[in-house]
Amino acid sequence: MTFKRKATPFAVLTAAALALTACAQSDRDDSGSDSGSTSGGGSSTFTFGAAGAPKVMDPFYATDGETFRVTRQMFEGLVGIKAGSAEIEPELAEKWEPDASGTNWTFTLREGVKFHDGEPFNADAVCKNFERMFDQNPAGQVAAEYWAGTFGAFKAKAAESLYKGCEAKDEKTVVLSVTRPTSGFPTFLSLDSLSMQSPKAMDAGKANDVVAQGEGFVYPAYSKAGVGTGPYKLEKYDEANKTVTLVRNDDYWGEKAKNAKVVFKIIPDESTRRQELEAKSINGYDLPNPADWKGLESAGNKVEIRPAFNVFYLGLNPTKNPKLTDLKVRKAIYQAINREELVKTQLPEGAKVATQMMPDTVSGYNKSLQPVAYDPAAAKAAIQAAGGLTLTFAYPSEVTRPYMPNPQKLYQAMAGDLEAAGIKVNTVTKPWNGGYLDGVDANAFDAFLLGWTGDYDSAHNFIGTFFGSLDANNFGLTKQAFGKTLAADLAKADSTVDEAERTAMYEKINQQIQEEYLPALAISHSPPALVVGEGVEGVVASPLTAEEFSGVTVGGK
Amino acid sequence: MNPSPMDPRPSAKKDRIDSLAETSGRGGTATAVKDVHVGAAGKVKDTGGVSLIASAWARLRRNPVFLLGLAITVVFVLLALFAPLLAPNDPTKRMPELLEDLSRSTNPVPGPEAGFPLGSDDFGRDLLSRLIVGARQTLIVGVFATLFGLAGGIILGTLAGAFGGWVDSLVMRIVDVMLSVPSLLLAVSIAALAPRPSQWTVIIAIAVVQVPIFARLLRGSMLAQRASDHVLAARALGVKQSSIVFRHMLPNSLGPVIVQSTLVLATSIIDAAALSFLGLGNPDDRQPEWGQMLGASQQWIRDYPHLAFYPAACIIVVALGFTLMGESLREALDPKSRR
Amino acid sequence: MLRFIVRRLVQMVGVLIVLSLLLFLWLRSLPGGTVSAILGERATPASRAAMEAQFGLDQPVWVQYAKFVGRVLQGNFGPSTAVLPGRDALDIFLQRLPATIELSLFALAIAVALGIPLGYFAARRKETFLDNASVVGSLIGVAVPVFFLGFLLQRVFAIELGWLPVSGRQSTGLDATRITGFFVLDGILTREWDAAWDSFKHLILPAVTLATIPFAVVFRITRASVLEVLDEDYIRTAESKGLTARIIRGRHILRNAMLPVTTTIGLQVGALLAGAVLTETVFGFAGVGDALATAFRLRDYAVLQVLILAAAGIYVIVNLLVDIMYAVIDPRVRTR
């Protein structure tokens, strides 16, 4: 162990490093070295802290909020969403009109729109997009969840699909045909997944070549570099440093983005995101923990509370517990829960006790309904009259949802209330991805905690998703006497073309669900939030969490 | 999870385990150790005269580090035993007085008030009572994790040490597979893969990590015992193999294992906190446990750091107590360090 | 020697094969998993079944394992589902590895730079306040949970003082060139000094956090072996010869005490890898540990398998290297 012997490897290393240096070239672009958010004059950067990495850069195969937050800045659909609301507005289509049957819709397209690669956006491009989405291979059919969730089926089962065809009438007129009228169309064309993408780039990158392998999908080259029409385009996804950089699209058809760049920095740890904001190295982050809202505000940040577009419910499933087919029992469970206290002590500011299974921002919401009152005495009496009740009551671990910030605490509060009403509770807990969702699907629990965040403004997207299918639901509706009627009523409302008539039908169904059916107990609506630092203006909180960052300014510029 | 401060070297683990086993396995028999000074007990010859334990105790009695560790441990165990009597309130109950003040949006963690010197947790329960009763659950996690690890280790170690030959090889290969996954990964995997997380999955996850360590340790000293005079004598007298193993070899090999146990107690408490931090702890927090309290406090750490500070301080002090005690024990039992 | 190495390599392959089988069976025996993680609330029995059929999860587990092995033999470890969807799991491991190595090496450097001198002085002044305080201090360092320590360091050095960045590997606006994936090295190689300096600053806080445990080990081993050496006859001889304190310290004490210390340092790799899971999560550091935590949370089985097997493989290789090193350093082992 002399120093001489030790020195040899160092010498070798140094020599190797020098040799490498000789061939290592900086490929840095000199113009792109502006750093930070301080420089004004349109070259500034908006840096946003994300909790997770975007999955693909082709929104068609994306399913999660972390991905959509990024793709939303780069892509646009025919139909857009009005900032700060759930209402739709024209985007790439200037207007649309149905024919009398409600199945053929004529879209008039915006002129002068170009994709990021310079390709023109026109009727032809629209039809190519829809044909592309419709014509998926078996793996793609599974990967493209939002198409499956809205249009139902793909080309392979064309008869079952809502999509019928697309016809380019002229350069700026396109007719989209559906097989039957439905309440969701064309509203759901505002979904990020159904955005318009450059046909040329999709062809070049073999956008449809998804392969299922092992337990995952292998995506084609295009999925790493999607090309849209939005105010920003992808500059770089630096995987080694977990940052996504978007750069302003200077040929954007509308008002150009205020910041030259938007950077998404991926920071998985909640408390680290907050530290970053306080160190001013990011300008904002999504879904701050409700526990932090107060502290964040008092430190000068702005917590933008989004209108709640979700519902948190206690699902009941009579499959293994026939007593739950008794409306009196279900109602007693509802009365036993002190929801006022729950909302006050465990849910964030702006949370509300629910009166029905959808939030008030959705058309079809029944304003006349009152919350079922907390009445432990009545509950106790009803349970006794029913000869007692034992409930297998489940809650998920390893998860937080905007509607359910802390499942365990919420569960404990409710389970305590149920026990006080004389119900015997068997607690079951499973990891969200490790048995809980499976268990709910497999009717394994009598009672469970779950919720739903709406995808677009439609009653069908809420109660239709819950109760619209007699066979595929989590509430054992085949065992409930009302199940068939409810599903049929929902289907009927969904296919009603006249909007006023449809809204009235949904209001009635909501009333029946609350007063006669109670397949699930609506608990609350909790608003998610996002937070931005001092001096950040122009972030409009969206109930659909569909914030666009092109109008954001940093530091008063 | 912090791997044990004693054996964070995954593979030095092996060497240290083996050398520790050797030293104390031979401790009672004649080893060619030169005369050594032994603290206040005066000059003692280590050549079989005074038993290792007696001389170790003589040294320990005067060792302030050991006494500090012992004091902490005793206080902790007493606290755990009498926790329900000492806690002013029911730690599982949401106290109406605290619930009244609790509001998620304006006052998520009510501070101290009459009858609740440390205030509330974020669910309207008495923080002080939870800390006190938490001592008991913490001790349970520590003790059971250690016991399970010990039991697994004893089974494997005894098999290997008692029979030698191909049994030894087989068992040691199993132990090698277990050692080949870094301890944290092993514990996290087990906790993450358990179909139903609970306090027991935490205990088992921590215990499994300890099994190979105990096994190697025990095997080492058993092998030393196999060659020792009293075992040879027993064998010559025709004593049955099973009673040689259980009457002679095993009891004489347990020394280093017991020392290791005190250290494992400390690390398992820290490990439980780490699992909770990663969201793999016991999801049911009705029965408080310090590691879990600490893990759950993470979301409040910025605005209500006391929720993290109290359990963290408790864990650090107790872990320190066990470690100081265990380390002094080990030093005292190691003939080489007796100077 | 060669035979010894070959035998160990064969054993290692055996261990890894057994481990891969156990892991595979274990993961498949659990409910939920990937499909739940992908579908979330939108899962219906129909969509679940369709996805399971696509992934072949409806087939018997031995068929799945055979397919898995078939793919692995072609160098294909299966696409990730959550960490970087679609990317081969092995690619993810290789992409993340430099970050973890960079972090670990720096942490190790800190541990050694502090641990050896402190251990030496603690031993020279045994049972003084300095000794006791450093023993207790090193234990406290180990007992403080990583996320707590990380939070405090971020708070003080990144927010209050503003000297260092909170998290990540590099500032976002730098647009630095990547060659090796070791950011500091890349900065030096391409002479982008600002990038190298920036990456280095990003390393400091996580490395200090990660260093607490190896520091405690190095400190204790140094202390113990210096104590041992101090008692040796040749030190007394050296003292009686009237050699200066400096020569005694350099030539006799440190050189002899360093042997166990150097071997210990080599053995820290596994502990650093394990510690990286927590540290990288807290510091948003895109390394292997961060990938592992994400893969656990989102049930990304392909990535989990590769990372656990790789961790085991690294451990086994390091062990082998250490044993070989022993044989090279210590002639007594060589003769065996």
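Letters are used for the chains, namely A, B and C, taken in the order the chains are written, and counting of residues starts over at 1 for each.
The criterion applied here is as follows: a residue touches a chain if its C-beta (ideal position, glycine included) is under 8 Å from a C-beta of that chain, and two chains touch if they have at least 3 such contacts.
Owing to the predicted nature of the structure, the values given are computational and were not obtained by experimental measurement.
**Q** Between chain pairs B-C and A-C, which one is joined by a greater number of C-beta pairs in contact?
**A** Here the pair linked by more C-beta pairs in contact is A-C.
**Q** Whose Cα centre is nearest the centre of all Cα atoms in view?
**A** Central chain is C.
**Q** Taking the mean of the C-alpha atoms as each chain's centre, how many Å separate subunit A from subunit B?
**A** A distance of 45 Å separates the two centres.
**Q** Hey, how far is the Cα centre of subunit B from the one of subunit C, in Å?
**A** Averaging C-alpha atoms per chain gives centres 24 Å apart.
**Q** Could you give the separation in Å between the centres of subunit A and subunit C, each centre being the mean of its C-alpha atoms?
**A** 36
**Q** Where in subunit C do residues touch two or more other chains at once?
**A** 30-31, 147, 151, 281, 293, 297
**Q** For subunit B, which residues are shared contacts with two or more other chains?
**A** 195, 279-280, 298, 301-302
**Q** Going through subunit A residue by residue, note those that touch at least 2 other chains and give them in order.
**A** Each of 271, 398, 430-431, 434-435 in subunit A touches at least two other chains.
**Q** Subunit A touches which residues of subunit C in the complex?
**A** Within the complex, subunit C touches subunit A at residues 30-34, 36-48, 50-51, 54-55, 57, 67-68, 71, 76, 78-86, 95-96, 98-99, 147, 150-151, 154-155, 158-159, 162, 165-179, 181, 183, 185-186, 188-192, 255, 258-259, 262, 281-284, 286, 290, 293-294, 297-299, 301-302.
**Q** Could you please specify the touching residues of subunit C with respect to subunit B in the complex?
**A** For subunit C paired with subunit B, touching residues are 11, 15, 18-19, 26-27, 30-31, 132, 135-136, 138-140, 142-148, 151, 212-214, 216-217, 220, 224, 227-228, 231, 263-264, 267-271, 273-275, 277-278, 281, 292-293, 296-297, 308, 311-312, 315-316, 318-319, 322.
**Q** Can you list the residues on subunit B that touch subunit A in the complex?
**A** Interface residues on subunit B, with respect to subunit A: 94, 99, 102-106, 108, 122-124, 195-197, 279-280, 283-286, 298-303.
**Q** If we count contacts the way the header does, which residues on subunit B are in touch with subunit C in the complex?
**A** 1-3, 5, 8-12, 65, 173, 176-177, 179-185, 188-189, 192-193, 195, 266, 270, 273-274, 277-280, 294, 298, 301-302, 308, 312, 315-316, 319-320, 323-324, 336-337, 339
**Q** Tell me, which parts of subunit A touch subunit C in their complex?
**A** Touching subunit C: residues 1, 17, 20-21, 24-29, 32-36, 45, 47, 52-53, 55-56, 63-64, 138-139, 141-142, 145, 148-149, 212-219, 223, 239-243, 245, 263, 265-269, 271-272, 275-276, 278-279, 281, 398, 430-439, 441-442, 450-453, 469, 472 of subunit A.
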